[in-house]
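Both complexes shown next keep chain A, but they swap its partner, so chain B is in the first and chain C is in the second.
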Partner chain A sequence: MTNTRIPPARAARPEPSPPPAPRRPPARDRGTRLLATLFLAPTIVGIVVFTVVPIAGSVGLSLFHWNVIDSPSYAGLSAYGEVLGDETVLVSFRNTLVFMVFAVALQLLVALTLALAVNGRMPVWLRSVFRSAFFFPLVLSAASISVVMKYLFNQDFGVINWLLGLVGVAPVPWLTSENAAMATVVLVYVWQQFGFSFLLFVGGLNNIPKEIHEAAALDGATGLRKHLTVTLPLLSPTLLVASVVGIINALQVFEQPYVLTNGGPGDSTRTVVMVIYETAFEQLRFGEASAVGVLLFVLIMAVTALQFRLSRRFVHYQ
Partner chain B sequence: MSQATLSSGRLRHGLAPWARIAGLAVCALLTLGPVVWTVSTSLRTPAEAFDLPPSLIPANPSTEAYRGVFDQIDVWLLALNSTLVTGLIAAGQMITAGLAGYAFARLEFRFKKPLFGLVLATMMVPLQVTIVPVFLVLKSMSLTDTLLGLIIPAFPTAFGTFLMRQYFLGMPKDLGEAAMLDGAGPWRTFRSVYAPLAAPGLAIVGVLAFNYHWNEFFRPLILETSGQNYTLPLGLVSLQGNLGTGSISVVLAGVVLSMIPAVAVFVVGQRPLREGITSAGVNR
Partner chain C sequence: MTDSHLTRRALLRYGAYGAGAAALAGTAASWDRLTGADIPGRDDGSLVVATLGPAYGPEAIRTLQEGFAELHPDIKLRINAVQAVDWSDFFAKILTQVAAGTAPDLVYVATEGVQLFAQRLGVALDRWVKRDAAELKEYFADVHPSLVESMMYEGSLYQLPVEFNAADMYFNRQVLTRAGAAFPPADWTRDDFTALLRDMKRTGGARFTPYFWTNRLWGGVVPWLFANDTNLLAESKAPGGQWLWDGFYPAGQRAGRGGGFRWTTPQATHDRVEEVYDYLASLIQDGLCTRPEGGNGQNLIGVFSTGRVGVTPAGGFWAGGLHLAGMERDGFDVQYFPRWRTQRMQYGAAGYALLRTSAMQDEAWEFIKYAARRDTLERLFATNQTTPARRSLLTADRYAKTGPAHWPVFYDTLDRFPDTGPIPAPPQVAEVEQVLLKHTGTALASPRSVRPALRRMQGDLEKAMEREV
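Showing the complex of A and B:
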C-alpha cells in the first residue's frame, strides 16, 4: 500500500469561499465533523469500553480481594505480594520465559532458513506450492490442532514414536515427562506459527534490490557468506518485526499447553495465561488474577522496549 | 577468477539446487503430514483408528467416524454458532474499520491525532491481560454465556482501522476534491467516490477476522459455559475430553469438519490473507 498522500499544506486549491477567509464554509465543516463523529463512534466507544476501561479495571481489581460473590475488599498491594509468593505463579513465569526463548528462536531459525531456500532459483509454480504449504497451518485452529497433536505425540500408540521406532529409537514420553513436555509444546507451537515469520521473511527478501546481490557477487561474496554479510543485515528490520511479534505472541501462549498437557506433568508446562485463566475462572480469585495479568503486561512491555533499544545497534535501515 | 576457484564449493554456491528443493519438500511434508494423517485417520473405522502403521489411504474407507461425530455432538449447532459469531464479527469489523479508517484518513476533526494514537496503542494490549474486567463488563450487561458476548466486544478492531486508514490514504485525493467541487457533501464523497474503491482493503479485514475468530478458543472457553453456546473449537476439545482416548477417528472427523471453512477461505482468500498477515505483523 503505497502512500500517495499530498502534504496537508494544500491551500492552493481554488475554493468558492472569499480568499482571506481562514475557514471553509461552516456548513460543510459541521457536516464533516458530524460525519467523523458518526464514523468513529463505534470504534472509539468499543475500544474505550472493551480495552481502555478494562486496563484500568485490571489495575484497579488487582488492589482488591474479590470472589464475585462477596463484595470486594480493598487489599492494597497484597494481591501482588500473594502472587509473587505463590510457587505456581513464579513457575508459570519461568515456564513462559523458557517457552518464549525456545519457541521464538526455533520459529525464526526455521522460517529464515526456509525463506532463503524458497527464495532461490526454482519454477514459479513450485515456489507457490512451498509457500502455500508453509503458510497453511496458520489458518487452522490452535485448539483443534493441539487435539490432533496429542494423538500424534502419544507415547504408546502415537505415530511419531512409531516412526522413531522404525529407526530404533525407544519410545519418548513426549507429553508425560517433565523434561519432554515443554519441548513438545514448543514443537507444536512452532509447527503452527513459523509460517507467519516465513511470510514476513519472504516479503523482506523480495524487497532487497537485485543490484545489491549482483554487487556482492562481483565482490566475491556468494552462498552462505553472502547471506551472513549481505542478506542478513538488509533483512534486519524484518527480523526485528518478526521477533517482536513472535515474542509478544509467545508470552501469551495458552491453547497448546492447555490442550496438550493441561499444564502438566506437575506444573512443568503451566504458562502465565493458564494461571490467569485458572485463578480467575476456576478459583474465582479475580484480584489475584488481575495482578498476574498486570505483571504479564509489564513483562511484555519491558521485553518489547528492551528489544527496540537493543535493535538500535543491530538493525540496519536502508 | 582465482578468488572464485579458491573458495570451497559448498561455501561458494550454497547447496546444490536439487538438494535445496529436496530439503524444502521434506519440510513441506512435515508441515502437511499431521493434516494428511488427520484426514486419512478420520476415514478409518473407529476400531482401526489406533492401528499402526498409519496408512495414507485407509484400506476400508468408512464414514462411520463422521456419523459418530454427529451422534456424539450437535455438529450443526456448533457450526451454526461458529458461523454466526464469525460472520457477524467479520461483517462488523469491516464496517467499523472501514468507517473509522476513512475518518482518520480523509476527514478533518478535533483530537484526530490523539484518537488515532489511542487506537494504535490498543493494538499492543493483549486480550489475555484485560479478560477479567472484560468478563465483568459483559456480566454486568448480562452478556456472558451468550453469543452476543463474543460478538460485540470484537467489533472494534484497532488493526483493521489502521489497515483501512492506510488503504484510504493510498487513494488519490483529487477524486474527493473533484466530487466536493461538484457539490457533493462529505457523506456523498465517501459513499459514491471512496467507499466503492475500498473493497480489496475490506476483504483483507474480513478474511483476517474470519481466520482469527473461526479458530478462536480462549474467549469462548471463558464466556460460554453452556453447551448450546459452544463454538466448534470448544465443542471439539470437549468431545476429546468426553471420549478420553476412546475413538480417535471420531474426534479427527470433527476436526476435519471444522477445518473445511478455514481451508475454503485459505484457497479462495489466500492473497488477502497473506497481505493482511504480513502488512503489520499482527496475526493473533
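Showing the complex of A and C:
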C-alpha cells in the first residue's frame, strides 16, 4: 500500500522493529509438505482440468463468434449484448428462477416431511424399505423418467387423465397449458430429486441427540412446536447444505423440460440450460451460448453467496 | 512507497513461477490445436460414413458394408450409426464431430440439412456426375426430378436422393368402419376431411381423438400451408442446373426446374398462413385433433394401431412401422393429403453428402453411387421403413405383406401433383424450425392467440433469416 499522508498520532509512535527474516522450515516439515502436495495433486489437477479450464474456456469463448465450421472471430463483449437483448434468453432466466423457487421449496418440504415420518416409530425393516424407495428415483436416468412421465401426463391418452376421468374429472392439460406445464415439470423434477435431500435430512435427524428432544418434551414442547423450536434449528446446517445443492441443481435443470415439453407451450418452460443447448448445438452460435453459460454461472455464484450470507443469521451449529 | 516485506529470495521464486507459467502458456498457444483425429488409432484409413442410427440398424449396416466390399474390396468402409432423436439432433452430433476434428467423409443428410451442409460443409457432386453420366442415366431415369431438385443448392447437385417421404394421410380402417365412413377419394377436400373427423368423433367415444399430428417441420403445419397454397418462407428457385436437367431428363420433366429451392422472406403473417392456423385452432377447440404439444411420434404408432386415433399424416415409412407394431395389412390405408386451395404436398428426401474435409473424395463418390444402386436400395429398404427414391422399387410385391392397399399413393404423390415440394429448409433451418414449433404451440392455444403468435413468429423468423449461419 502506498502512504501519501502520515497522521501525526501515528508518526509519534516509535518505529516498529522490522519483522524477523523468514526462515526455511526444517527438512522434516518440507518433506511433510511435499507429501501433502503429492497426495493433493490428483485432486488439484482434476479440478484444474475439469473445472477451472472449462470455465476459463467458456469465458474465453464468450468473447468470440464461432459456428464450429469456421475459425472463431473475436467479438469482444458483443455476445453479452446480444443475449441480454434476446427475449427468449430473458424469459428462460425468469422461468429458471421461478422453477428454482418452487422446485427447491417443494423438494425440501417433501423431503423433510418424509424424513421426519420415517424417523418416527416404525419397524427397522420398514424404515429401510422407505429409505430405499424414496432414494430410488434419484438413481434413474432423468431422460427416461421424463419419457415415461410424458406418456402418463399426456392430455388425450395419458393414464393420469384416464384415472381422473373415472371420477368425473375433465382431462387436465398437464403439458399443454402454460401454467400447468411448469407445474408438471416441477412435480416430475421433485419426484425424482427429493431423495437426495431426504437422505441428508435422515442423517441430520439421527445426529440430533435424543436428550435434547427429551428435555424439550419435559418442558412441554410436543408435535409441530417441538419440530419448529428444536428440530429445525438443530437441523439448520443440513437444511443449508440441502438448499445450496438443491438450488444449484435446479438452476441447471435441462432433461425434464427438454423431454416433457421441449420448452413449450411457447417459451413457458424453456430454461437457461435449454437455451444454451439450442444456441450452441442447434443454431451453432457457440459464443452466444457461452455468454449465456457465463451469466448462469454468475447467477449461481451470486445466489449461493447470498445463501451463505443469510445462513449466518439462520443456521445454528451445535 | 510500497509497504511490503517481499524478500529477494521470494521475489526470485515468484518470478520463476511467473516465467514458468508464461512459458507453459506460450508453448500451449504455439501448438497446433489437438483434435480427436490425433488420438492414436482413430484414423485407420477407412472411408467413414455417418448415418442416422435409428434408421440404420445393424442389419442395414451389414448389408451396406458387405455389398460395398464386394464392389470395392480395396476401400475400407466404416459406418458410424449416430443415435439421435430426429434430424436436428443428428446434425448437432455430426457438427460436434466436425468441431472435434473427427468429421466423417460422408453424412446421411435429409432435406432438413441439405442447404446447411451444402453451404458450409459439402462438396458439389457436379464433376463426378458429369464424368459418370453414362453410368447414372439409369439412376436418374428411375428417380423423380423433384427429388433430385431438392438436393440441389444454387445450381449444383450435392446428394443423390435414395429415399423420401411425402406427408400423405393414413387411416385406421377399423375407425373408418365404426364411423360408417367410406374411404375418401383421391380428390377429397379439406371440408370432406373435417366432416370425416366429426363422424369419427361422434362414434369414437370420450377417449378418442380423430386427428393426431406432430408439431415438427415435416408433417406438422407445413402440409396444411402447402395445401392452402402458401409457405412459411417465400419460395423460389435458384438459377442453374440446366446441365443436369438437359443431360438426364426429357423435356416434359425438366420444364420449370432450376438450380434448387430458395427459401427467403418469412411470411408468417400472410392471410393464408393465418387461415391455416385458424383452421387447426378450430379443430382443437372442437376436440377433433390433438394439441401440438400432445402429439409426438413416440406414442403415435401405439394410439393409431389401437384405434384411439383415426387419421394422421405420415409417409411411406409408416407401412413398415405399422406392420412391425402388429397391424394387419388391411387394418390401415393411405390417401393423398386433402385439397384446400391446391393439393400440393410436402416431402423430405435424404441422401449422402460429401464433406469438404474428406481426404477420400473419390472413394466417397464410389460409395454414393453404390448407395443409390437399385440392388442396394432393394436390400436396404426391404422392410418398408421408408419410400425408396427409385420408382421401380415400389411394386405390389413390396407391399403385399405390409400393406397398405393404396401403396401407389406414395410415389404417385410426385407424379399426380407435380408442384409437390420439399419442406422449407434454408441453411438457417435449425432456428427456423425452433421458431415454428415454439410459436405454433402458442398460436394454437386458442383461436384468439393465432394473430399475436404469428406476429411474434414473423419477427423471430426475420431475425433468424438475417443471421449468418
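What we mean here is this: the second predicted complex is superposed on the first by the 268 of 318 C-alpha atoms of A that agree within 3 Å, B and C clash if a C-alpha of one lies under 4 Å from a C-alpha of the other, contacts with A are read in each partner's own complex, and residues count from 1 in each chain.
The rule we apply is simple: a contact is a pair of C-beta atoms (placed from the backbone, for glycine too) under 8 Å apart; a residue touches a chain by one contact, two chains touch by 3 or more.
Keep in mind it's a predicted model, so treat the numbers as computed, not measured.
Asks: Which partner does A:Thr229 reach: the first (chain B), the second (chain C), both, or neither?
Replies: neither
Asks: For A:Glu282 in the superposed arrangement: first (chain B), second (chain C), both or neither?
Replies: The second partner, chain C, only.
Asks: Touch test for A:Asn207: chain B only (first), chain C only (second), both, or neither?
Replies: A:Asn207: touches no partner chain.
Asks: Figure out whether A:Trp162 sits in contact with chain B (first) or chain C (second), or with both, or with neither.
Replies: both
Asks: Kindly classify A:Tyr151 by the partners it touches after superposition: chain B alone (first), chain C alone (second), both, or neither?
Replies: A:Tyr151 sits against chain B and chain C alike.
Asks: May I ask you to name which of chain B and chain C touches more residues of chain A?
Replies: The partner with more contacted residues on chain A is B.
Asks: May I ask you to decide whether A:Leu61 touches chain B, chain C, both, or neither, giving the answer as first, second, both or neither?
Replies: The first partner, chain B, only.
Asks: Same chain A residues contacting chain B and chain C, which ones?
Replies: 1-3, 147, 150-151, 154, 157, 162, 281.
Asks: In the complex formed with chain B, which residues of chain A make contact?
Replies: Spelled out, the residues of chain A in touch with chain B are 1-6, 10, 13, 28, 31-33, 35-40, 42-47, 49-55, 57-58, 61, 114, 117-118, 120-122, 126, 129-130, 132-145, 147-152, 154, 157, 159, 162, 191, 195-196, 199-200, 203, 220, 222-225, 227, 241-242, 244-245, 248-249, 251-252, 254-255, 259, 273, 276-277, 280-281, 286, 289-290, 293-294, 296-297, 300-301, 304.
Asks: So in the complex, the part of chain A that touches chain C is made up of which residues?
Replies: Chain A reaches chain C through residues 1-3, 19, 21-22, 67-69, 147, 150-151, 154-157, 162, 165, 173, 175-178, 181, 261-267, 278, 281-284.
Asks: Provide the residue numbers of chain B that touch chain A in the complex, in ascending order.
Replies: Listed in rising order, the residues of chain B that touch chain A are 3-4, 7, 10-14, 17, 20-21, 23-24, 27-28, 31-32, 34-35, 37-38, 50, 52-54, 95-97, 99-100, 102-104, 107-110, 115, 118-119, 122, 124-137, 152-153, 155-158, 161, 166-167, 169-173, 177, 185-187, 190, 211, 214-218, 221-222, 232-234, 236-237, 240, 245, 248, 251-252, 255, 258-259, 262-263, 265-266, 270, 273-274, 277-279, 281-284.
Asks: Which stretch or stretches of chain C touch chain A in the complex?
Replies: 1-3, 5, 7, 10, 88, 92, 95-96, 98-99, 120-121, 206-207, 209, 290-294, 296, 298-299, 303, 308, 430-431, 434, 437-439, 441-442, 445, 453, 467, 469
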